[in-house]
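Letters A, B, C and D mark the chains as written, and numbering starts fresh at 1 in each.
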């Protein structure tokens, strides 16, 4: 039973079927195909506004290319100190922005403290040649801690962006889980709250490899085509990326899969909190659970074949991610094992 | 009937089957899966030497990442003036090398003239602070003109590289077609002839999206993992890239598909040469045919639904690419149409 | 007697005096000083139009920073194949443009053949995601061959730039010599002919180290301050750069020095052409002479202490650069020596 | 009376004299002159070890080029959160390292807390493809807060570097002040304590514009020449940079000037501490004093013509920098004025 990441799952059957269906016949390469041409319209319906959509294959590419459209090499991008773009992308954001600086900000539960952003902006870098120029804020939705920003919280950052001539990016590798977790509309969580560009994740949510960079302000996308090709991220057989994304949006599959994953995380969180000596660190608002389990018990669970990531060096806090295809029985089985090991301790 | 590119085809059935098979169960992410771990060994068998192999999804990524391992930002990479890395990758090689210069060289039939390379090296840039430092030569195999470099020709460039402290890269987007066309071993065409790094293409040859960067000198790959991630080219569900590559190597599928494509190009070339007023520009050694067809006849053929790229601005030379799944009847049908239109002219 | 470059000379006495004068008292750092604030106005008078001026210390910095304002990383900059930015700046233009491609063009006498530029633009790169996007043309004035572009010739390139959405840059490391050589106004040779940005050289013309990037369209300079600092080219004690430039413009010193240098080149060229077996390669329009002198005679001249650069690997063509402080006697002495050696041969 | 920075001073008379002396006659360009060839030897004497020395004109260039030799684009450089390379160089370090990440660390008095570095390294980034690879630590000597690292403190960081495969850089824009302040040998504070590369500042200490990048491990300098030229930092008339540096080392001028500046800072610090309601924030160990002066008094002092930088947004802490040419009377005059204003309050 593998809770290490949603990435350990394969693809949903609907996605495999879509790929097979798209494999019929010839199609123009590099995005000039029926599937790819459908993308803008399909996303515009889901987001209830006109948007420009570009498929890529990885979340890091989506984030880095999006930021490349927002920040020049002499720019500054503000992000949470534990965010994926800061910690887990091996400098891809610096690479694709031609060397912009990621300014790291603190905040509880994986969420940027707006006061910390205000303080950073208060240093007066804007317009002063010695300093990187404030260009963008990047929020992760859901965060690395499995928490979410509410529409109001997003709007607060958007307000700071507007007031300081910056753009607002959202890393939505688990955007589906956030939308499902809050039960709000995709629009409410993005452009209505002031988001300019969204990295819309599908891979973690049951695709093979597909993400969409969604621009709510088309003018920001002016250079995207060239940046994507320059980054080696233009697929020749683009239809296979686009078909995955279309299948995700078809009949709300993306939210259905996210709801399943979130429900398993709730089940896991509630179960763990009923067990003595075990606790849950942050509010579970998406498909991740961060649980404090004593190191020795965690090790015995691992020895029984359960897989999950230690989140702190002292092996006291652990991350559990529920993929779209985890079942109620999967989680129940794990909870039983925890109970047994705690009892035996 | 679409001859514009091998990219207009979908994936071979064996590749789709491999993808479906790999979709079973959970697997560690980011390359720590059974399929990915198999890659080095599988390629080492095919190339008859130990090699280090890294899957990526696009040919541009393969080329640019490979060159990034060979050339620093103050370096020079020598390539044919019509090569893909020079003309068709929107500065990806410059991007991934942190700004190296592509020095363009002439040569007939898409092949670098070795004398041009010697002359360029004779300028005495090496060791002089004013000039970009010669770092690599990149050969395209098969070339953009559908021709190939023989092992001896490759070795001639390798010799120049060795003598000037440079490395030799091979852009093998159509490497399978070159191997099949010459009926030589993969080893003879690469490391035995002095190639250091190969971009091994599978996408054009019947994969969804899969290329392998093959290092014949492992020490050159030291930074590849970090460069790949920094470029956003590390797949979380890597097994799906690796499974495509393994399926290609399985029972020689890659050469079988390439031989089919090449045979159709031969059929097309021979048929066209039998038609009055039509000629073929370069020796057909892989799966591409460049044919001189009068502009008016070409237009009438296009009006009948045949698709192929004009190769010169005056619409007198045209490119025909045979994908792995073109049939004898496809080509015969096109040849009939050409004969009819030439007759009617 | 050293004719290798105008760089072998020191600074003119007026420049040294200006530096000493500027050394009095304290002054705000980083350009907020009296000298630096004067620059825009002083250059605007000389160029008869409002311009924005930024001092830097090297010609390579001036060129690369100017191009960085004109071309993005996915852009293409068109330049002569023998130009300084292509051959002699160790990829600084690629570096400061974040990886733009320098597309090299041929042309006699160091001047781009406009037909070659037209042909390159005719490839249809603009707006196509596979190709670098045409962004700028860079002309060298005077060229590496000591020739000049007339205002009409410059305008022809400007016209191609306008028609293709590109900007026009002029590398004027020897701009003073070109203006003096043609006896035209600085305005006629730049913005009136369509130049957008000029690298105005002073170092070769008798400064210690000072160049000015002159923007004739202020909006193109919007990011210059940040790019200059990011490149490490913002001087803390900026007054010492600005004072050199102001001294150059004062009472036309820059043209006086350039006229002296040019006159010596004319004297040298005319003298050489009177000597049997010696000839001059290109029209001498600035301060450089390229002379065909038999290799054995050239070597004997070098053995007598005369210094000049071989321009071709076979040591048959040689470059002579006259710095501002070469005297009539200097040149006459050299001409005597050539006559003697030719006579002795 | 201007205490804003050591940059508001001009050059010391000895430096001006050296420049004038170097202006005699012709000299080979680009560093192949008598002055430049002397540099390695002159610095090797001062540092009591063989070193490779490269002159550049700005401190930002020195730092960024040095770091470019130490950290690849996928690397991480650890530095104090208030350091010049983090805050005041407009992303030059990111630019010259091709996009490395600056990881910011806290620490009192402008000095990195070694425990914070240990914690950062304890995250386990090394060898893991997701994370930037630890490449270098950069210490500022003297720090932005006017404090210094003792040789033992430097050695502690060197030890962490060695244990983690990293290099140690020292930003010595005010290195002279640190050496003078501690009265230790240049060797003790650098290579003997484990520093690999030093940015040796001369500009703030009384040069026009001259810094030296000093490599104590020559192999780290292998690419420096190309990086410097690529950055536009190779001076054609290099003798004028080198002559400034040689004059600084001549008869210990650099330490004499630094001692003068430090003595004025001591005088200022001691004087301020004797005034009621005024205090000094950090130990004064170089030529900077950070003084808490009530905002209203500070404003009145500024109205009387004294210039100094507010260091905190609330205008309660102020920076005073003593340049090499501040006199005892200058400082005494300011102290009198403070006393008067405090008395009047």
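Please note the rule applied: a contact is a pair of C-beta atoms (placed from the backbone, for glycine too) under 8 Å apart; a residue touches a chain by one contact, two chains touch by 3 or more.
The chain list, named the UniProt way, goes like this: A, B, C, D = L-threonine aldolase.
For clarity, every value in this text was computed on a predicted model and none was experimentally measured.
Visitor: Using mean Cα positions as chain centres, tell me which chain lies farthest from chain D (L-threonine aldolase).
Guide: Taking each chain's C-alpha mean as its centre, the farthest from chain D (L-threonine aldolase) is B.
Visitor: Count the C-beta pairs in contact for B-D and for A-D, then report the pair with the higher count.
Guide: A-D
Visitor: Centroid of chain C (L-threonine aldolase) to centroid of chain D (L-threonine aldolase), CA atoms only: how many Å?
Guide: Distance between chain centres: 34 Å.
Visitor: Taking each chain's centre as its mean C-alpha position, how far apart are chain B (L-threonine aldolase) and chain D (L-threonine aldolase) in Å?
Guide: Centre-to-centre distance between chain B (L-threonine aldolase) and chain D (L-threonine aldolase): 51 Å.
Visitor: Counting only Cα atoms for the centres, state how far chain A (L-threonine aldolase) is from chain D (L-threonine aldolase) in Å.
Guide: 41
Visitor: Could you check chain D (L-threonine aldolase) for residues that touch two or more other chains and list them?
Guide: In chain D (L-threonine aldolase), residues 30, 73-74, 89-91, 95, 98-99, 129-130, 226, 229-230, 234 touch at least two other chains, as defined above.
Visitor: For this assembly, give the contact graph shape among line, ring, star, complete and other.
Guide: Contact map by chain: complete.
Visitor: Sort out for me which residues of chain A (L-threonine aldolase) touch chain D (L-threonine aldolase) in the complex.
Guide: For this pair, the touching residues of chain A (L-threonine aldolase) are 73-75, 87-91, 94-95, 98-102, 104, 122-124, 129-132, 313.
Visitor: Which of the residues in chain B (L-threonine aldolase) end up touching chain A (L-threonine aldolase) in this complex?
Guide: Touching chain A (L-threonine aldolase) from chain B (L-threonine aldolase) are residues 2, 4-5, 7-11, 16, 19-20, 22-30, 56-65, 89-92, 95-96, 203-204, 208-209, 226, 229-237, 239-241, 323.
Visitor: Given the complex with chain D (L-threonine aldolase), which residues does chain B (L-threonine aldolase) contribute to the contact?
Guide: 30, 72-74, 98-99, 129-130, 133, 223, 225-230, 234
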